[in-house]
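Look at the two complexes coming up: chain A is in both, with chain B in one and chain C in the other.
This part shows the complex of A and B:
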């Protein structure tokens, strides 16, 4: 009741986006403003045309009021994304080292700061989409390795984890239970065997 | 005591570091990080984790100051600060964000307390993990619930079937946390010893992301060597 049922299983996409908005990003202010004291941060004094690091949610407010431009992260351009795609293709057994929130961050950029990107947003979008699909195929292939003990998924982003979480958690939970039942039965069999042996000895 | 944590730290900073503004900012950022971590941990862990008294107190006390600031400045129309409108937008947005995190954290805990009441009440360790308010809530809620069950149907049942914590017959009525629930973790600190999951040995590499059962990493979650994601 205090927490909706669908939120008990996983984080919602909105919540993941919320977490991304807490992260720091570099902006180029077009506006000067005195420093600002907040609950979870202090924003230093803004000076026009001086680069500065601020939380993303704050950058988005300034951006909406056309008071800054946001500097895209160093991987959000045509060249880097192509490279990531290449390494995704050549290294079939692992995920390339994209930041853990690459999907969320690029979505936020396309929606709010497309004009700050150095390359054409449509092209970047399709590259991101390709990367996403390729990685999803890998995730699905990796899931065939699922067992009751563990699975290693380095460099997977939170959004990608959330996508597979409900399914994976369910399957692994079932496997764990099955394994337990089997182990218990084997133990019982052994005990019975020993009992029989004892009978023979007598 | 906890309410003055900021002041104590600020005093301490004044002695060792004259440039204490920067350190207070750092502390604020750490608190946000920590709040986000404990929020997600609480959301993903099958058990009820320890209530973060000091952290919540620190944030609440700053939150109260901020609300006061908003009230003072929105009444004062003659304010000389030309940016006050934009500043208030920013301050209110942040307030909303912090409120959201706090609420979601507390609500997640309440939903677990509701579900695991009988189990929590049997264990001193778990009772310790509740805040004062949560204990009061749990006791009152449980009392009302038992009364309701009694009035509705329990008092018409045979006496031996009336209890809510029957453990006889090999099946316990008490709902326990699902200790073997699979969880996603990220390793944030070096962990030297490898862990045993079922009959496999697993080495946890720093910054690695794993999916495994909660019981295997429970202690690392408690001391924050791994975080749930």
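This part shows the complex of A and C:
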């Protein structure tokens, strides 16, 4: 009950970032290390200069100690982002197929592994920013179609859904409540009709 | 609705105009006439929680007359509804009623007023879209706008949580 309201109705961006950190990512270790058996995950044996998949949080620890370089995902470069941006501009009625964690992942990369990116981080950053704003405008357009039962926005990432969740839930809740006032009444009428029918049968 | 929902409690205590169909003994003080009886035909504003009951219960078991008759509140008359239909965004909802949506819910529930729900539903869609626009502005409530002052309690809450959500993401993106 004492939880702040914004934590009760949706996940905070920090929580989403935390969830993303348990996803797998490819790294290129600079040292060899034996296998680690942890309670939730097993960290496989690392061999120097052999690509391997590890959880993102582990990759970040190694990166901080300069023991590996992280391989950026195939969409996090100037060319792909530019393509996503293009498709975002040309296809006005749908969102481009960015991965569900593009915002978190790109932020983590910019902050912790900027030197592993193949292009200039500042350029990528501004592209990400542009994508974010462009998509937000589309979201706004989609939200004007809101009704009490249904809202479909495909290819939206977790953070973007999170951002609009409080608004959408509240408005749809109110619309449902308004509609219910009427439908309840009708249901009651039907029930009464049925009762009357039963009486007749007897 | 929850028992502890303060908005529901406030909504329940909104006053509705109603007309007495019967003499009420010793209730003259309600109309500033202490010690006297209240005549039938007197018009009074009573809170929703009691007018709702009195409007459906009959004086005695063998008569059709109810204690009071509900009159249409000003907030729901033709003039206001027409104003809503023409331009819901420029309407000052807060001055019409601070808990407009809960009033509509209760009234529409009593009279099964489908048209009213339709009109108010459309208004909510239009106004919420505008609220969303304002919520994205990071100046918050320092923006100079009459619109934010015209929100009713539900819309205020909506504005607040929406604004909070946009602000949180922005903060996180900027590492603040």
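Rule of thumb we're sticking to: the second predicted complex is superposed on the first by the 176 of 202 C-alpha atoms of A that agree within 3 Å, B and C clash if a C-alpha of one lies under 4 Å from a C-alpha of the other, contacts with A are read in each partner's own complex, and residues count from 1 in each chain.
Just so we're on the same page, a contact is a pair of C-beta atoms (placed from the backbone, for glycine too) under 8 Å apart; a residue touches a chain by one contact, two chains touch by 3 or more.
Bear in mind that the values here come from a model prediction, so they are computed numbers and not experimental data.
A.B. asks: Kindly classify A:34 by the partners it touches after superposition: chain B alone (first), chain C alone (second), both, or neither?
C.D. replies: first
A.B. asks: Which partner chains sit in contact with A:182 here, chain B, chain C, both or neither? Use first/second/both/neither.
C.D. replies: A:182 sits against chain C, while chain B stays out of touch.
A.B. asks: Should A:42 be classified as contacting the first partner (chain B), the second (chain C), both, or neither?
C.D. replies: Once the two structures are laid over each other on A, A:42 reaches chain B alone.
A.B. asks: After superposition on the shared chain, which partner residues are touched by A:151: those of chain B (first), chain C (second), both, or neither?
C.D. replies: Once the two structures are laid over each other on A, A:151 reaches chain B alone.
A.B. asks: So, does A:165 touch the first partner chain B, the second partner chain C, both, or neither?
C.D. replies: both
A.B. asks: Please report the chain A residues shared by its interface with chain B and its interface with chain C.
C.D. replies: Correct list for chain A: 148, 165, 177, 179.
A.B. asks: Going by the contact rule set out above, which residues of chain B touch chain A in the complex?
C.D. replies: It is residues 21, 24-25, 28-29, 31-32, 35-36, 40, 43, 59, 62-63, 66, 81, 83, 86-87, 89-91, 93-95, 97-98, 100, 104, 107-108, 110-111, 114, 178, 180-184, 197-200, 202, 205, 207-213, 216, 229 of chain B that touch chain A.
A.B. asks: In their complex, what parts of chain C are in touch with chain A?
C.D. replies: For chain C paired with chain A, touching residues are 101, 104-105, 108-109, 112-114, 117, 120-121, 124-125, 128-129, 132-133, 135-136, 154, 157-158, 161-162, 164-166, 168-169, 171-173, 175.
A.B. asks: Which residues, counting only chain A, touch chain B once they are in their complex?
C.D. replies: Touching chain B from chain A are residues 1-3, 7-8, 11, 15, 18-19, 21-22, 33-34, 36, 38-43, 57-58, 61, 65, 67, 148-156, 158, 161, 165, 168-169, 172-173, 176-177, 179.
A.B. asks: Where on chain A is chain C touching in the complex?
C.D. replies: Going through chain A, the ones touching chain C are 5-6, 9-10, 12-14, 17, 103, 107, 111, 136, 140, 143-144, 146-148, 159, 162-167, 170-171, 174-175, 177-179, 181-182, 184-186.
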